[in-house]
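Structures are listed in the sections that come next.
In what comes next, chain A is part of two complexes: it sits with chain B in the first one and with chain C in the second one.
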Partner chain A sequence: MIDVVFTPASIEAGLGILTDPYILLAIVLGTAIGVVFGAIPGFSATMTIVLFTPVTIAFEPTSALIFLVSAYGGAVYGGSIPAILINTPGAPGSVVTCWDGYELTKQGRAVYTLAVSAIVSGIAGLFAAAVLLVFAPPISSFALNFGPPEMFLLAVFALTIIPAAKGSSLSKALLAGAFGLLIGTIGNDPQLSQSRATFDQTALLDGVDFIVVLIGLFVLTEVFRLGYRGTVVTEDNDRTGGSLSEVYNGVRAVVSRPIETIRGMFIGAFVGSLPGAGADVANFVSYNEAKRWASDELASRFGNGTIEGVIAADSSNNATQGGALIPTLTLGIPGSGATAALLGAIALHGLNPGPGLFDSSGDIVYAMILSLFIGNVLILLYGVSGSQYFGKLAYIPVRYIIPAVTVLAIVGAFAVRNATVDLYIVLLFGIVGILFVAYDYPLVSIVLGVILGDIAESGFVTGWLLTGESATAFLFNSPIAIGLLVLTALSLVITVLKN
Partner chain B sequence: MGYETTSRRDVLKVGAVGAAGISIYGGEVLGVVDLFDEQHITVIVPWAQGGGTDRAIRVTTPTWSDLQGIDFVVENYPGGSTQVGGEQVYNAEPDGTTIAMWNLPQMQATWLFQDAPYRTEDFDYIGTHHWDPTMWFAPPDRPYDDLEEFIEYAREEGATVGITAAIGNTALSALLVDETYDLDLSIVNMEGGSGVRQAVLAGDIDAGVNQPWAFDPDHADDVTALGSHTPDQQELWPTAPAFGELGLDEIPLVEEGLGQWKLIVAPGGLRDRYPDRFEELAESYAAVFEDDEFQTRIEEQGGLDEIADYRGPEETEQEVEENAQFMETYADVIENFIYDQ
Partner chain C sequence: MTRPTPPVVTVSAGSRTISIDTGELLFPGIVLAFCLYYYWDTYALPDLSMLYAGPLLYATVGLAVVTILGQAISIDGDTGLERSERPPDEPPTESAELASEGATPETGTDDPAFTVRNAALLIGLTVVYIAVLDVIGFLVATIAFLAITLYLFGERDPTRIALYSVGVAFVVWIVFVQWLRVPL
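Up next, the complex of A and B:
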């Protein structure tokens, strides 16, 4: 079906393009810009691509697309930096990074954690690029088998992480998740386009954007908490003085945990390749699996500052870049929001994404894919060398952090879709976040409900109709559906037994 | 597409454009957009990035910008079956700095089947861009090669048909075929062109209704094109028979042709208040279609040049009114579908 063949000649053509110093400059700049924008709360990889697409108009197509792909990779990684330092995910794919990353920062291990994050991000990105280069055709054919019933079951499987949300009772985690699912129902229904709970706000016809919810719940709530607490981390815990040794410890931590990294990479590349699911879903699934496969002793430390949690999150979210590009480039079907934005940029530069792309512009496509290797090596270099300096940000007095983060968060929330109503939503969820924290309800369960609710609803309604409104036909639609059903059942049984 | 090396001059140019782009976007983000009112035109796209409308406008604005001598900034406002973006352009000042690329009959559907506050007369029309006919596709392993055979199959076995939206031309085509032959089809909204394409390629549905350009003619070998909702064969997908050629003339709107227009609209009042600006925009837009670079660019976009169809302001307005009339005529068909579901 997809006539894309990986050949030495195609590699040679792509490599030829990459020898141009200006192309290399585009990769260096794109990756750096991506890291910086990804690190700003609210500025996801999608928004980074949207923001810089007009800027690339004056570029010739190859350097433009390589610049944007590099920015995409950089932004996915960049989202983890504020997640680790100040408990505010820069992008939806870094929500889970907060759980253990921030706990480690509070213990004075910011440099160590940032180094681990950079290393696993770079390695995962390299892995995903290799997968894209070699296995794009079979994976894109396989991804097509994920129809609506399978997407629904995948979302349900990912929802089983809700009980695992750290530091809360099962009932509170489930209630918070249900609240998130309810928020996800706002807007036009996916099947008949009839509005629900929009309160005459046109912007709400498209629902509540989960990035806005994320900013309100995580960023504003953390800003309030920082103000109350007065510091991110006490000077007593400052271990940035020996930061080089902390970087070295980070390298050792990754080297000694290959299984955790590899598992996260596979999950990320796989989830990323599914149309409609990206880093925002992959990091939850990966974290859940890491916890499930851990020993009881290690599993009990998840959420309290264990490096395995950071590895699980960051290896999966960075591996989605290559995965998400597979259906985008081979079928013209975006694998994530960021790659949908990339489709627009590809068209702007005169290329036509889809099965013919590799025939008509194979040299450019392979140069894009190969540039991911360089970009991820740069992420490794930027991240590892920068972790010593980024780590010191956690010691900046909160009187500087609070206004800076608040302004960036508000700008980020507004920039999602230029809707004033989103500013009120951010404030509302900031207040909701404080109340939930005060009464020990996990914030992440709400976000999980909002992100997955949309996928689950679309998958259920469409799949239900496609399978003739039959429960058995729906649930046993394919071997993949049965497999997901079994995984979900196992996950629930284990959760119940553990609780 | 060949590869070209980048000169130092290009890099400087890129830097300058980049700085300008960041200024514009930064200004919008920080709410100081008024300062730039005379320096760029905002083009609203009521769909997400990467979709057919987004791609069509993004291949057009570079040339239009050169001819008009002003930057065009594309902003996406997806949601509400185009109502979110529609209200953005409806509420914008009619001063020529905000326009939109919209599509028919989706535009009319937002007030016929939703509660959109605007109507046809609330906008000024600058011109059409292209007309993408409604076309039916099927997975290649199905035992039918055209719509006539599909109808026979559906009558015996029942069939599932995927559409791109609940209230647009693809829904109307599916419902008209269903009603004309009393088929009891299971019509499912796949939430966009990508959804229909994926479902057809994966064999999840028995047929999918989309537009050929939106579906992407590069997939010609991967699917069976059952037919187009037109009287005659379409150049963009020549292997697809027209409903008219198959003798399926009893299906409404075959004679007229059912498809999707993409067009440029402006907030109503621009033509009256600033006739010079309106004329300038309309003239430069018309000139876009005469531009060789633009023609090459759209040719590279999966044969968009085959369906590009520029019509001036008056003809565009006439087309909008005709679309509004037939959508009103068949509104009950869609309303019944929504009600039944």
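Up next, the complex of A and C:
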């Protein structure tokens, strides 16, 4: 079965795609745009992908998806720039980078720290791309054994693992996930084409587009919150100046600390591959491990401006990208907001996300994976040569960001399918997102629910009818189904114990 | 920086006191209202159409009720069945989630332009912007929205406001209307 998806021919086809100059341009532009937007305070990788997805509608699928996956990598790295310069992480995975990165900036070592961040980010991204290339095909082949009941149970498992991974309240996470699944059923039912909860809107007969939901939850919510949070940035704080010799010192710092980089990469790739756990979790784990393995003298300096802390944070941060793409591309289960946005883009461009993706669009998927290698080399180059210039973006006053991003979110939501009702849906989810953040509901649960709605419904209905409408036959259909049931039970038990 | 905290309603019932955190009722309340509409809209559909959605609807209602009981209601100072984060009279936290889903953590600012009032006004302006898009056209509505929002958040230089609103609106118009052919 592995031969079906993991053949030299499919890799060759992917490599062939990458020789197209337009594709290379998409990688160069995507990575640069990712770094630029990631470096703006308040802009995460998720927001970057979500906002640019409607813009890619005019692209053909391969270049659109490669552009977005490149922007993803760039934005993850870019998030470290404001973390280092102004103590404001551009993305959740850069929270830990602040701890030592900003301390080093205060000591006048901003360029040095930015260079180290760029180098370890690029190297970690390359490692994670290799992990993705090695592990994704066999997992994808295995996933082809999933029938309808298994797909339904996989969706249920994905929803139950979120509170276990994030430590959220079980009832809140499950309510958010169930609500998302219910939103996913709006529109014509797949069996008899009877309309369900469409509010008499013709556009909703095709359901609620989850790109619109993502724009509401991840972009509008964040913009509304910026409206009362603001940021602490002033131009007086600009510390991006510095000697180029500091870049050379940064290179030497990374070369002389290979263990720290390698440890962070492994932690990032592993944690990233777990659904529900992303760069935010990997960051903390890697930092704690680096501190635990350090000598007493070095450990005491963590948090006061030690470069080992930056290496631990940023190596794990960027390695999560490749790891997170494993469940996304092989099972159609995104583990984070950014990969959910990518999955949405995959569906928007006419590909079928899920276990059959490698089989049906192997050349495009391999081109996406292989583009990560080029993208991460670019991150390294962009970062080393120009992080102090990208750093200027960290000082853009937030009052200029709020109006423009609001307009982009509204227009982007409309552009998905030119439906007026989507303008109200994006606004509604922007407001619902505020409640989610204020009352500690996991956003990724509702997003997963909406995304997995189709898979869950078709899996349940087809499986139920195929297994003779018997709960026993449905739930215990195969060893895989039983395994998924056990995993679901385990994640529920872990969450209850954590709570 | 401060934001309104929905009140905690305390009800005495005999020797017991029941506290209801109205903030925690908001999302489950929205879900229950949607479920009610969903039920009203679909109760006459054939069984096959609701084979999956029917049980899901009841499960969602059940989870909303459990969440209300566990998170919003406490009796005699008990913090609820599942409440672990905070007692009902404390404001909600924004800890883990904002740092995990694409948001930046709270950094705080002394800038008087960033207040709950202005954030609420931003939402209101967005509602108006969406409502008038069709009526007055994309360019006029967008330029006006950008200018008013920028003013709201502290920009007072008329030249900057004009350049910014016209510039951003024009770029968005070029990309979406002229290039992507979005019928705005």
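Assorted remarks:
Basically, the second predicted complex is superposed on the first by the 273 of 499 C-alpha atoms of A that agree within 3 Å, B and C clash if a C-alpha of one lies under 4 Å from a C-alpha of the other, contacts with A are read in each partner's own complex, and residues count from 1 in each chain.
Note that in this section contacts are C-beta pairs under 8 Å (C-beta built on N, C-alpha and C of every residue); 3 or more make two chains touch, one makes a residue touch a chain.
Note that this is a predicted model, so its numbers are computed, not measured.
Looking at the shared chain after the overlay, A:58 reaches both chain B and chain C. Contacts of A:87 after superposition on the shared chain: chain C is touched, whereas chain B is not.
Contact with chain C, but none with chain B, is seen for A:399 once the two complexes are overlaid on the shared chain.
The wider contact with chain A, measured as residues touched, comes from C rather than the other of chain B and chain C. Contact with neither chain B nor chain C is seen for A:245 once the two complexes are overlaid on the shared chain.
Of the two partner chains, both chain B and chain C are touched by A:194. Of the two partner chains placed around the shared chain by superposition, chain B and chain C are both touched by A:415.
Applying the stated contact rule after C-alpha superposition, one finds that A:206 touches chain B and leaves chain C untouched.
With both structures placed on the common chain, the touch criterion links A:385 to neither chain B nor chain C. Applying the stated contact rule after C-alpha superposition, one finds that A:344 touches chain B and leaves chain C untouched.
Within chain A, the residues touching chain B in one complex and chain C in the other are 46, 54-55, 57-58, 191-192, 194, 411, 414-415, 418. Contact residues on chain B toward chain A in their complex (touch as defined above): 1, 3-6, 10-11, 13-14, 16-18, 21-22, 24-25, 28-30, 48-51, 54-55, 58-59, 62, 73-81, 83-84, 87, 113-115, 160, 165-167, 186, 188-191, 194-195, 197-199, 201-202, 204-205, 216, 218-219, 222, 297, 300-302, 338, 341.
Looking at the complex, you find that chain A touches chain B at residues 1, 17, 20, 22-23, 25, 46, 50-52, 54-63, 144-145, 147-148, 187-188, 190-195, 202-203, 205-207, 275, 331-334, 339-345, 347-348, 350-352, 354-357, 360-361, 363-364, 367, 411, 414-415, 417-418, 458, 462, 465-466, 468.
On the chain A side of its complex with chain C, the touching residues are 41-42, 44-47, 54-55, 57-58, 87-92, 95, 166-172, 174-175, 178-179, 181-182, 185, 189, 191-192, 194, 196-198, 217-218, 220-232, 278, 280, 336-338, 398-400, 402-404, 406-408, 410-411, 414-415, 418, 420, 423-424, 427, 430-432, 435-444, 456-457, 460-461, 464, 499.
Interface residues of chain C facing chain A in the complex, by the touch rule stated above, are 1, 3, 23-24, 26-28, 30-31, 34-35, 37-38, 41-42, 45-46, 48-53, 56-57, 59-60, 63-64, 66-67, 70-71, 82-85, 92-109, 111, 113-116, 118-119, 122-123, 126-127, 129-130, 133-134, 142, 145-146, 149-150, 153-155, 164-165, 168-169, 172, 175-176, 179-184.
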